[in-house]
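Data first, discussion second: the structure below is written as structure tokens.
We call the chains A, B, C and D, going by the order they appear; numbering starts again at 1 in every chain.
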Amino acid sequence: MADLSQRLFGVDFQSPVLLASGTCGYGEEYADLIPLERIGGLVTKAVSLEPRPGNPPHRVAETPGGMINAIGLQNVGLDRFRSEKLPWLSENLHDARVLINVVGHSVDDFGAVVSGLDGEEGFLGFEINVSCPNVADGTMFGTDKRALSDLVTRLRSLTERPLVVKLTPNVPDIDAYARICEEAGADGLSAINTFPGMLIDVERRRPVLGNVSGGVSGPAILPMGVFLTWRAAAAVSIPVIGIGGIRSGDDALQYILAGASLVQIGTALFVDPAAPVQVQEDIEGYLRRHGVERLSDLVGALSLPENLPERG
Amino acid sequence: MADLSQRLFGVDFQSPVLLASGTCGYGEEYADLIPLERIGGLVTKAVSLEPRPGNPPHRVAETPGGMINAIGLQNVGLDRFRSEKLPWLSENLHDARVLINVVGHSVDDFGAVVSGLDGEEGFLGFEINVSCPNVADGTMFGTDKRALSDLVTRLRSLTERPLVVKLTPNVPDIDAYARICEEAGADGLSAINTFPGMLIDVERRRPVLGNVSGGVSGPAILPMGVFLTWRAAAAVSIPVIGIGGIRSGDDALQYILAGASLVQIGTALFVDPAAPVQVQEDIEGYLRRHGVERLSDLVGALSLPENLPERG
Amino acid sequence: MRAPARSWARVLGNRVVARDTRWIELECPDVAAAASPGQFVMMGTGLSDVAAPFLPRPFSIGARDGDGRLGFLVREFGAGTRRLTRVEPGDELLILGPLGRPFHLSPDRAVLCLAGGVGLAPFLFVSAEARHEGCEVRIVYGERSGDRVFDLGLVREIAGVDPELRTDDGSLGARGLVIDDLDLGDRPQLLACGPDPMLRACVRLATEHDLPLQVSVEEHMGCGVGTCQGCVVLSATGEWIKSCTEGPVFDATELTWQT
Amino acid sequence: MRAPARSWARVLGNRVVARDTRWIELECPDVAAAASPGQFVMMGTGLSDVAAPFLPRPFSIGARDGDGRLGFLVREFGAGTRRLTRVEPGDELLILGPLGRPFHLSPDRAVLCLAGGVGLAPFLFVSAEARHEGCEVRIVYGERSGDRVFDLGLVREIAGVDPELRTDDGSLGARGLVIDDLDLGDRPQLLACGPDPMLRACVRLATEHDLPLQVSVEEHMGCGVGTCQGCVVLSATGEWIKSCTEGPVFDATELTWQT
């Protein structure tokens, strides 16, 4: 059998396939449908310091080749996450790795969540979601280089656990953001989060989503995700987790060849909860067919044309 | 019959439906298949000062819900455009409006094309494509606020024809770019160009496109285009042309309700050259069904919820 | 309740039963065995292509039998249901279910089902099961116009009762709304499913007559199993709660009703 | 050449003629009337859904008759051709055509067609037309293995000749490549269509024997009509030229051949 495992952040991932934040709840909800202990792991729904009520409906809708969501980061908040959700993860997941997705409106918010969980059991590390607007100045940490650097530097000082920063796709220079995170001490990067989008109900002349705009995910964003993962991975030497539109082994392999060490599956779970296991099996079949011994040999193993022409 | 016409840039557009740059050549190629004189108009393939050879194949491929292209702005250059392509437009198009899409690697490049065509007949104005990297510093005019402002200011000094700037989608703050163009004297904006993307042939472990990466277009980007058009239109008082993934009257109406005065159809032409006329007829049907007298009454006529919750 | 299963279900039949409306039968033994009236499934076409429905769509279980068959009343609404109503016998659909909380019937009261449009679907199943257990069931069923009225022979066959029919334009059955001129003499327990304005009218009716009311609500869904938080409705205490796992059937008093 | 038309064409037939390969017949009178051998169509499913093929795909016209019927040899390759090979009689496909430059035959020389895989398609049409005009036509047809060989009875029926068969593994016909052991005694004009390495071998062969060679090339296409510049190949003078309008048939000397 081909070796799907990867050693990263000081531990082994038995498979490169993780479930993406916000699409697998806190694990428990999918426990009957997905053999969680057979996959690489999962990333929890975002956890914020205070509980968040979330946005009014509609919160999800289909878009061409994908979907749009504006959940509004509804979550139970740090305290209830720690007392009600983390114990299940701690008791039930041993072979699957858990990252906790963290959001906040300020560096202190983020810091409080990270510090508040750091001493607990049941998870490997943090995935920092920087797509949330900073209340102080309105921009997002993910699109403000200085704010991002300060945030990662601070969080680094608060935990020795793996710290993965999840990058926003709507910047022209993701490589610069990737380097900033690496320099500030991040252990890894996740690329990408959703694209801002909007759907309009033309009959009623109003936005479909209660929140007006939302984030686009699913197959529609696959080529953007592969590109941004390639750019980010080329810019840093820490591992990158590829995300966006994955629904098959080939899709996952595109990310891996582009430089991703792990991948996350989000929207595809809603369409078919069997997707993660299927993707794993497809990757294994590929390794066997191509005589590749270990998955790590494929990470970034893309051949580029010799004289790369100018872009545009 | 409902009134599809719009008065913009000092002239009448008989319909809001235009063909997008790069997807309709110089008009002539579609003359047998699309009744050009019945639609709003078209935007030519990009014209640069010198001829451009373009990228090696593959140059196009399908992506989930869309396509990716890396043509490399292959074009005949200013001189041959003026002598070989413009005359056809001038002789054959009277009711359809023509914008010339202009690219360059420097302000002088752009300026030379605009000045070189300004005195000619056969077109209404210019659409400035700022997604091309600036040779001097490598970034694109479309993602560098200072360079964009300088470019538009200079071009404004060179022509009195309508000057439309085509915005790049991969910035976090398209509203700021929109305002910069308006302040520098642009008469209108086009939103949006393609998203950077990449496809990998996993069997051969190499990029599908000869140019490695390319631009993603088609239905997959519709919700992003509607959102960015809405943001741009809200930021300025000059007209906005909505572009991205339009393949039906409802899609076009989403852009119009979001604030677009005109729309452009690109990728959908390849799937069905009957799309522009169909979209026009669908919009007309909508106006009739809803008792809307003129299309301009719908521009930006989106009702937003009263207390808009925070984003994220 | 049993855990939901994911399975490919073979289409056994698909017939037109009203304008834009089909009765679709699937072979889906796991779901059929586990389902209770009021539960739903997520129905989709899988990951192999991205045409709508890419995300699966929720549908109430309209009938099940002992042979592992399920019946659904599917009305064409947008692009997703357009494709679903075109399936043919032998095609396969990806089914996740049974999902959500079912109706809870008190054995000591008659059941009055108030159905608007395809809101009829869950009540076919409710009626079949409740009558089987000796409950008395009435269904009041409203549509905008007669051509949208679901084949009444089939309703009788599945539900075991003749619905009392209302149409907005009076083109078939009595003219009027589902809640008009209702006989509530036996103080029945009310179950309602249909468009929002109808549900609000039912809430007013139940309050006025002090009758227990359960409603089945419809909200856009992502996952159907409680992970995405996409399907929320406003609880009586002002929180957004998931209609896929805490609903789709709620006691009317559990929710906030905007008027 | 007549201007291309856009039309919805009804599927008349679809039968398996080799592993993963179908012979698909469409009713498409405009294209049938105007087509010449070597031309192609863009075949798609229209704008109503975004499943692959969303962009239309190019296919050589394999046959046409006087009743407005077209025949295509379609081999399953990726997601787009998977869907196209599944069409059923009565379905409709959106067709743009006829497109591109056809083969030009000199009346004074025999025609030798060199076909690799589905590269056979245009030669069925070439042969039918050329023989109709009294030309002598031979087809040498290669496949990787016997199970991929297209139904030879149908080839004979359409092309009017029996192809000389080669397979890489010798499982059917002679073992070897299309260009192996060719009888070039009558100094024929060569026409070639097939995978790139085969075309390059044909170019070497033609040069060696100083025979005229036309090739039909395959490149990814966007529009098929010359607007997108997606389908370029390298001309002999080092420029990227469009294979949809300047090709797909080129005189071998018009192109640069990387070796």
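Definition applied: a contact is a pair of C-beta atoms (placed from the backbone, for glycine too) under 8 Å apart; a residue touches a chain by one contact, two chains touch by 3 or more.
In this text, all values refer to a predicted model and were calculated from it rather than measured experimentally.
Asker: Just tell me the minimum hop count from subunit C to subunit D, counting one hop per pair of touching chains.
Answerer: Step count on the best path from subunit C to subunit D: 1.
Asker: In whole angstrom, how far does the Cα centroid of subunit A sit from the Cα centroid of subunit D?
Answerer: 45
Asker: Distance between subunit A and subunit C based on Cα centroids, please, to the nearest Å.
Answerer: Using C-alpha averages as centres, the distance is 36 Å.
Asker: Can you list every residue of subunit D that touches 2 or more other chains, as numbers and ranges?
Answerer: If we look for residues of subunit D contacting two or more partner chains, we find 50, 52.
Asker: Touching at least two other chains at once: which residues of subunit B meet that condition?
Answerer: 56, 64-66, 218-220
Asker: With chains as vertices joined when they touch, what's the shape: line, ring, star, complete or other?
Answerer: Contact map by chain: ring.
Asker: Can you give me every chain pair that touches, using the contact definition above?
Answerer: All chain pairs meeting the touch criterion are A-B, A-C, B-D, C-D.
Asker: Residue numbers of subunit B touching subunit D in their complex, please.
Answerer: It is residues 22-25, 29-30, 32-33, 45, 53-54, 56-62, 64-67, 69, 71, 74, 218-220, 247-248, 267-275 of subunit B that touch subunit D.
Asker: What part of subunit C is in contact with subunit A in the complex they form?
Answerer: That would be residues 3-6, 44, 46-47, 50, 52-56, 80, 94, 96, 219-234, 239-240, 245 of subunit C.
Asker: Would you pull the subunit A residues touching subunit B in the complex into a rising list?
Answerer: 55-56, 63-66, 68, 70, 72-73, 103, 131-133, 139-140, 143, 168-173, 195-200, 202, 204-207, 210-213, 216, 218-224, 226-228, 230, 245, 250, 253-254, 257-258, 286, 298, 301-305, 308-312
Asker: Considering only the defined contacts, which subunit C positions touch subunit D in the complex?
Answerer: The contact residues of subunit C facing subunit D are 49-52, 79, 83.
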